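So, here's a batch of structures to check.
There are two complexes below, and they share chain A, which is joined by chain B in the first and by chain C in the second.
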Partner chain A sequence: MSVEIVVFAILALMAVGGGFGIIVTKNPFRAAMWMVLSFIGSAGLFVMLDAVFIAMLQLIVYAGAITVMIVIAMYTMDRLTIASLKRFNNQAYFGALFGIGILLDFIVIAAKLKINTAQMGKNLSIAGSNVKAIGDVLFKSYLLPFEITAIVLLIALFGAVALTKKDL
Partner chain B sequence: MNFLAYYSINDLIAIAPQLILTIFGFIVTLVDLWLPKTEKSANAFIALMGFILAGIVSVMMFDSGTTSAFVGMIVTDNASLFIDLVIIIAGILAIAMSVNFVDREDINIGEYYSIILFSSVAMMFFASTYNLIVMFISVETLSIGMYILTGFLKNKSESIEAAMKYFILGSFASGFLVLGIGIMYGLFGSVDLNVISASLTKAAAIYKALGILAFMLIFIAFGFKIAAFPFHAWTPDVYAGAPTPMSAFMSVAPKAAAILALMRLLVVGMHPIQIEWTQMLWIIAAVTMTFGNTVALWQKDLKRLLGYSSISHAGYMLVGITAANSLGYGAVLFYLFGYLFMNLGAFSVAEFISKKGDTNTEIANLKGIAYKYPLIGAAMLIFMFSLAGVPPTVGFIGKYYLFSAAVQSHLYWLAIIGVINSAISAYFYLNVVVTMYMKGDTEGEFSILNSGLLKTTILIGAVGTIIFGIFPSYILSIALHSIAF
Partner chain C sequence: MLAAYMFVSVLLFAIGATGAMIRRNFLIVLMSLELMINGAGMALIVMSYFTGNISGQVMFLFVAAVAASETAVGLAIAAMMYKNKKSVDINDYTTLKK
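Showing the complex of A and B:
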């Protein structure tokens, strides 16, 4: 058993276990913390695939920003309201069926394609770092769309202020 | 640093009008910070200067050939400069309509003008690219601007409701656009329409079918932006709920940009599947025209009526694209130019009769207005005649060329449906005129928005509608020669 498999097992356990934790725990705040664990696990898997940049994004955007947003949303709600929320509604079975279907799909695909574990991650590793590769694409060929996104963010910021502030 | 190996000053020159508007958008944002509450109209002045400067630059750039900039992301040709000009004139007129309006509604803040400027920038980018990613980002930018401007009347619940509806439906449309672009990229490995077109020509039948699927997903977003039939649901609510100057602006400017982008998508990108898309557009054009005109028959509110009328006019423009010949494409551009004057003018009259809170825009409130304000009445008469397509207005000339393009491509039935629709539309447009002139009680008090700039807008609209109706040849020849594809 190589080190790689041990590391993979730990990370995969974190990702999947975190996911289970989210649906099993009763306290929504704890669920958010389980979600962080799951995100960290999948970030680790991305690192194993040599996709360092995506791993960092996973940590910063999901484990950092999105979790904080969810937790803050919870703080603004009434505690009793949260406690009285039903954790599963009538559609939970459909969700479960859908999830099982996708899981079976992935298993079938993995079995059919006979994924070669020795080749795993080779396609993603680019000469040099992949941060550099992404930077090249963003600032060489896609510079203009990248700059227009600055205007999107600015307009959205203006809108958020102009529409919500009482007296400007 | 090998940055200069990729970009030079020529790239910036190619997007000069957009750059000018962006700079003025920032100037408005900054100057607004130091303006006292009573002097906020200076923002409108700065925004107007920006639009005028950008207009001058785009006129100067006209006929200087097709330039490709930013590694093929942006294409500045005559067609895009023509649409730039339409957007700029719409922006100028919309700001002139806004100055006293925002004062009355107490929403006079600098962000109003900077959002107009920034979303105009996005519209111009939208109209001048063959790249699906640039299209996606600019359509997002202009949509977010429009959502915000729709909801700007914070004290009017219809305005907020309209903004919310527009936002939710618009997000769905964007989702379809991304999905379509994703499938396109998965199939052909590129987001550039020229490359997609080349790959689509050689593609096997199954990939071609998937390409058509992806195209239809992309078309949903475009159809949403131009308010074509199955994706039109937002239009009447948004036009009725939004601040009137912004209803006027968004009935012309984003539509102009989306129409040109749609032509680029169809004519350049989807050229190999032209037979399929003309069949699809035939049905959509016919249904859009008929739906807009028949539902408009029952409308009581002038802004809502103009909303349905804008759906039907989108249908007329789709006729020109369905014809798929250069006369049709040129006629669409010309029609947009004429539509700019008549529609902004009609919305200005709706604003003229409105009360504080942007209410009282029912058609019944026009009763007898032609006697109290003869010039406004005459101008409204011109707008209604032009929208209905009565000579000698620009609306007639535009429709004439659109339908003759359809006849040229042997789409006789589509032309006939279009003409029948014009006849239907005459009923509700002339109903407005009848209300103004023949249901007179001239004694009634009118509460109007008495603004010199608004009256100037109405005057410009009326003069433009008549002048380009009597002497269309100059603009028409420019429009016909602008089409590079």
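Showing the complex of A and C:
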């Protein structure tokens, strides 16, 4: 039990510290590296929560694809232009205050949360396989949302192509 | 442990929201949005584990698809902003004012 708490503390520190690094770093490339650290910490937490498939998805899609896309977009821009911006807005105090308000609000909600934990850690795998359980539910109960997800991705592709056309 | 996991999720969401509001660089605003989506997804996974219901993990797949779409469109907007004004400072883009 104590080992679990130590591992949880390390991973949570990685996730939250990486997130904090994103919003205080001046250089956007370093912010991207902090983002990778945060996503790796989150993936570790997902492994602790018996969501092995989702943890791998997190590493591949978020820490791999999305970070690489953002960094490649950064490569096409002038380094001095993007790295020499001032850090914060003029209204940053109000924004930070609002963020702290969100945090306190959600902490109160999370502390008051009462759920039935009798089934804790069960039903998450079929025959020892997390992927089988996800596929079972995904293709039996969530088939229509799955198809709509494909349409959403297609529309996003069209939107990205249309936005970067020359004569816009 | 439920409160601890939910606390991490909430903290990720709040840090992302704060970053999206206070930063100037549009690319970092995009990264903060990713962080917010990740925090919300972590809440899904935590609830999936503590209630013993796999549906939360399935929902995370849809959340990840939406996050990927959002990044694609956001980066297209960033490229267009840079092409038009050679800047990704969001304060240079108050063109709808007045």
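FYI, the second predicted complex is superposed on the first by the 112 of 168 C-alpha atoms of A that agree within 3 Å, B and C clash if a C-alpha of one lies under 4 Å from a C-alpha of the other, contacts with A are read in each partner's own complex, and residues count from 1 in each chain.
The rule we apply is simple: contacts are C-beta pairs under 8 Å (C-beta built on N, C-alpha and C of every residue); 3 or more make two chains touch, one makes a residue touch a chain.
Model, not experiment: these values are computed from the prediction.
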Contacts of A:L143 with chain B and chain C, given as first, second, both or neither: first
Touching partner for A:N89 - first (chain B), second (chain C), both, neither: second
Contacts of A:I151 with chain B and chain C, given as first, second, both or neither: first
Which of chain B and chain C A:L49 touches, first, second, both or neither: second
Dominant toucher of chain A (residue count), chain B or chain C: C
Partner chain in contact with A:T81 - chain B first, chain C second, else both or neither: second
Which of chain B and chain C A:L163 touches, first, second, both or neither: both
Where chain A meets both chain C and chain B, residue numbers: 141-142, 145, 149, 152, 155-156, 159, 161, 163, 168
Residues of chain A defined as touching chain B within the complex: 139-145, 148-149, 151-152, 154-156, 158-159, 161-163, 168
Of all residues in chain C, those that touch chain A in their complex: 1-19, 21-25, 27-28, 30-32, 34-35, 38, 42, 45-55, 57-58, 60-62, 64-73, 75-80, 82-83, 86-91
Sites on chain A touched by chain C in the complex: 8, 12, 15-16, 19-20, 22-23, 25, 28, 31-32, 35, 38-39, 42, 45-46, 49-51, 53-54, 57-58, 61-62, 65-66, 69-70, 73-74, 76-78, 81-82, 85-89, 91-92, 95-96, 98-100, 102-103, 106-107, 110-111, 113, 115-124, 130, 133-134, 136-138, 141-142, 145-146, 149, 152-153, 155-157, 159-161, 163-164, 168
Sites on chain B touched by chain A in the complex: 3, 6-7, 15, 22, 29, 70-71, 73-74, 109, 111-112, 114-115, 118-119, 121-122, 125, 131, 133-134, 137-138, 140-141, 144-145, 147-148, 151-152, 154, 163
